[in-house]
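Report on the structure given below.
We just call them A, B, C and D in the order they show up, numbering each chain from 1.
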Amino acid sequence: MSGNDFTADEMMTIAAARALSNDDVVFVGIGAPSAACNVARLTHAPDITLIYESGTIGTKPDVLPLSIGDGELCETAVTTVAVPEMFRYWLQGGRITLGFLGAAQLDRFGNINTTVIGSYDDPKVRLPGGGGAPEIASSCGKIFITMKQSLRGMVEKIDFFTSFGHGEGGDHRKRLGITTEGPVLLITDLAIWEPDPETKEFTVVSLHPGVTRDQVQDTCAWPAKFADSVKETPLPTEEEIRTLRDLKARTDAAHKGKAA
Amino acid sequence: MVKFVSLAEAIADNLHDGDSVAFEGFTHLIPHAAAHEAIRQGIKDLTLIRMTPDIIYDQMIGMGLAKKVVFSYAGNPGVGLLRRLRDAVENQHPRAIEIEEHSHAAMANAYEAGASGLPCAIFRGYKGAELAKVNPNIKSVTCPFTGEELAAVPAIRPDVSIIHAQKADRRGNVLVEGIVGVQKEAVLAAKRAVVTVEEIVEDVTKVHPNACVLPHWTITAIAEVKGGAHPSYAHGYYDRDNAAYLEWDKISAERDLFESWMKANVIDALPGDFAARVADLEVNK
Amino acid sequence: MVKFVSLAEAIADNLHDGDSVAFEGFTHLIPHAAAHEAIRQGIKDLTLIRMTPDIIYDQMIGMGLAKKVVFSYAGNPGVGLLRRLRDAVENQHPRAIEIEEHSHAAMANAYEAGASGLPCAIFRGYKGAELAKVNPNIKSVTCPFTGEELAAVPAIRPDVSIIHAQKADRRGNVLVEGIVGVQKEAVLAAKRAVVTVEEIVEDVTKVHPNACVLPHWTITAIAEVKGGAHPSYAHGYYDRDNAAYLEWDKISAERDLFESWMKANVIDALPGDFAARVADLEVNK
Amino acid sequence: MSGNDFTADEMMTIAAARALSNDDVVFVGIGAPSAACNVARLTHAPDITLIYESGTIGTKPDVLPLSIGDGELCETAVTTVAVPEMFRYWLQGGRITLGFLGAAQLDRFGNINTTVIGSYDDPKVRLPGGGGAPEIASSCGKIFITMKQSLRGMVEKIDFFTSFGHGEGGDHRKRLGITTEGPVLLITDLAIWEPDPETKEFTVVSLHPGVTRDQVQDTCAWPAKFADSVKETPLPTEEEIRTLRDLKARTDAAHKGKAA
């Protein structure tokens, strides 16, 4: 395989994986976060601790779970605790260094909506809701967000504050008495964004290989800010691509399962 | 005194029109067979409580059993939205339902408070989150030592909790292993508890001293239903039928397809049918 | 990052003059060897926290290490009173100590709140009980839903928690089995956690999915001390030395006898001496 | 052995055992309560559920534990839970039908002191304290108390309210918002006492065989009340005596253990 033989989705997952380290204790969401965490574990961060909200602590799945409670998460875990304990001792207890969230709608300050499109009382689309996100966003040491860019997703104003990022920006978290860092990284299929140190507005710091500034702006409904020097995200290595694809192939085979 | 009964009896004796009920299971050990029995019995006006209402609540809502849903994540796990729940919330089909929405942390704490006999739970939560503005059951208390404002939610105290577990023993002690979710809390918080199990064995108390065992005097009724969690799974018995979860997304997308599927697979089916559904998914013991 | 060290190092690195420390263990797995090491190192002005201060706190108080004790039951379990603690409270010998007294329910909830990162715990307690009048750390909050007044106590957050466990594995994961007490909560509530273990094994994560395992990243230091709970016991390793508890009642009754016993059995002893003390008490594995 | 061949202690334990039933879920204290509960289990109440505050639920010890956390309690239990769970889910959760307490000092309304003799701040004797008692007394469905009678123990006024019985009597519990019954039975080495339905003052309802009213009054510092018709406690049966003595013999042998 050549260095350019990868999809934007794969680049997103690999860029997210690179941001993870051996010392992280990660509260993992399903989908791209789960893929990124497991690619990290299978490449440069073999000792990373992955926690799924189903109560599985220190899990090492061979295939990606479809749900956050697949059997393999438990079988490969250091221990499996009850869900109330997970939220009380581990998340609220401040034991999780990093929370990894996705979003249906995201604004420039890292606030997330996964609750409703339209009004809460008479929604156009009723989304699944927050699940663990409201407290993941406030209790984890820091937050990574990963999502595909789109005008419907990266919006000027989210319809509902499912979880709080930097609010209106600046020191809004601190003003609410939240002591954790909040969103420190946004990894999309096109770019890597970091909050501005002062305003906390997400700013593009790295474009994925071959991506233009226009592509970023065309898929983001707010006026995108770019850092003074925007880097290019390093190409996926052969090991990264192979690890991700092997993982996905094992996962697909496993999930075909039984039903027709 | 725990009773060993058929699933039909367990539901008929313990779940009544208008009850609040928690069919719990956090992706693992979801009591599908029991929910299908409730649908067959046509029980009405239920308040359905669950952290993760997934396929079974989509089915119960689609069949018109629910008047209210209390939840924290209403999705088909790993797949997408719950289409029958959406139809009820967005279009009031087949009836309007009330929703009371929380975060996972709030629900988990509320079950824990219910099991603990407390009227409410306190936790550090909902900071900056908008649910606190739309749900009047989210309030706050002030720590009398530090002055910190903490979130408070009422304890969950269902009329009935219904769970699926791996094993019961002949005394009626129930063993839950693996991802144990909030099942223990749901059982202890409820006025009545119904448990379906994969099998009844001689003794479940020797597995491990700290295994999750619910003593017989905390359970109202036990029914043996092999495969009763399908397409969810039972750790040590059979795997999750991930394909069935993917398939549900299509079945639930259209009202007609949903109804014909429900007739064929639920209304005209029996608890005993679950065993065959897991035959190909069994794990080597 | 967890460190595997000698007991002397584990205590010297983690327990300092003036610290608040919980040597926990609810009759089972009491960290006697670690407490003796603290006595040998002559650490001063400790705030000793424990639900059931028994022989080890009697010894530490008698040797003058404690400036304060936070507790809920200060007895020699099944035998009687703690005579060195009495001497300190009644006669200020060898020094005056401050006491903060709770009920078991309050302490258990306070540890749980500490592990949960909360500033306080609420529970239904102390109704009509006089401790609420003499302990300013017992307050109340009102349930915002029912108006019920509940007791509130501050969370316990020790500088250090010290426990004894059956096993650690090479990664530093720690297994506690049997009567698990409040050890998990004490470890998770503390800034630093020191664990002595009966033995270090390859892997502790396969015992049972829901066994009480403390992941390596929650522990600061691990020291292998065979027999380190004696005369308490380690489930699966050796039995409780009930006779030693009965004997303590006599040893602790007089200051001179106490001091000579401490010199012979603690000051002039080593952690390695514990193995021989349990030789006759070992259970068949 | 003849019907009269028993000690007052044995009579006390056996009388307490008889008051227990198969349906009881008992929070057991160490000493006489533990002996009584296990005699009941080994005679007429084989299905009684015994819970010790160490977290052992449904335990069936072959010898009496010296402490509430001896290993055998765990080995013979249905399950063993953490101590916070014991106090939260099981005791406060209202799952315990019966609490069994002892006392250093007891008053006529079932209020108990096990904290201090003398003043709290400068005690004459510092006792162990309440342990689980304050919440056992308020959270269990009902309370049995067992103790040997003595002028120092059964006092006009206790020095410290470790746990609340009927307070000043009457509906004092209800006035404090306590919904459980409180002390419903006092079993001593001389007699069985029950609270008066109105005043809640302990009243002798049964004298153990051979015990006189004077003996009861001579070992009780308040003016003892006697029911209109005071019964005689039935003699211990041969089975009861044998069961208790076998249990004690096994226990003594086990506790001699190792130390000199």
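By definition in this document, contacts are C-beta pairs under 8 Å (C-beta built on N, C-alpha and C of every residue); 3 or more make two chains touch, one makes a residue touch a chain.
In this text, all values refer to a predicted model and were calculated from it rather than measured experimentally.
S.K.: Just to be sure I understand the contacts, which chains border both subunit D and subunit B?
M.R.: The common neighbours are C.
S.K.: Could you tell me which chains make contact with subunit C and subunit D both?
M.R.: B
S.K.: Taking B-D as the reference interface, identify its repeat among C-D, A-C or A-B, namely the pair sharing over half of the contact pairs by residue number.
M.R.: Selected from C-D, A-C or A-B as the counterpart of B-D: A-C.
S.K.: Determine which of the two chain pairs, A-B or A-C, is joined by the larger number of C-beta pairs in contact.
M.R.: More contacting C-beta pairs are found at A-B.
S.K.: Can you check how far apart subunit A and subunit D are, centre to centre, with Cα atoms defining each centre and the answer in Å?
M.R.: Comparing mean C-alpha positions, subunit D is 57 Å from subunit A.
S.K.: Per the centroid of Cα atoms for each chain, what is the distance between subunit A and subunit C, given in Å?
M.R.: Centre-to-centre distance between subunit A and subunit C: 40 Å.
S.K.: Which integer distance in Å separates the CA centroid of subunit A from that of subunit B?
M.R.: Computed value for the inter-centroid distance: 28 Å.
S.K.: For subunit B, write out the residues touching at least two other chains, lowest number first.
M.R.: Those would be 112, 116-118, 123-124, 148, 178, 180, 184-185, 209-212, 235.
S.K.: Mind pulling the residue numbers of subunit A that touch at least two other chains?
M.R.: If we look for residues of subunit A contacting two or more partner chains, we find 74-75, 80-81, 88, 92, 139.
S.K.: Can the chain contact pattern be summarised as a line, a ring, a star, a complete graph, or none of these (other)?
M.R.: other
S.K.: Can you identify all of the chain pairs that touch?
M.R.: Final set of chain pairs in contact is A-B, A-C, B-C, B-D, C-D.
S.K.: Can you tell me which positions in subunit D touch subunit B when the two form their complex?
M.R.: Per the touch definition, subunit D meets subunit B at residues 25, 49, 57-58, 74-75, 77-81, 88-89, 92-95, 139.
S.K.: For the complex, give me every residue of subunit B touching subunit D.
M.R.: The contact residues of subunit B facing subunit D are 112, 115-118, 173, 184-185, 188, 205, 209-213, 215, 217-218.
S.K.: For a test of understanding, state which residues of subunit C touch subunit B in their complex under the given definition.
M.R.: 116-120, 122-124, 137, 139-146, 148, 150, 152, 154, 177-178, 180, 207-212, 235
S.K.: How about subunit D: which of its residues touch subunit C in the complex?
M.R.: Touching subunit C from subunit D are residues 30-31, 53-56, 65-71, 73-75, 80-84, 86-88, 91-92, 115, 120-121, 123-135, 137-139, 160-164, 167, 172-173, 176-178, 254-260.
S.K.: With touch defined as at the start, can you tell me which subunit B residues reach subunit A in the complex?
M.R.: 26-28, 51-52, 71-75, 77-79, 81-82, 85-86, 89-90, 101, 103-105, 108-109, 111-112, 123-131, 134, 148-149, 178-182, 184-185, 212, 231, 233, 235, 239-247, 280-281
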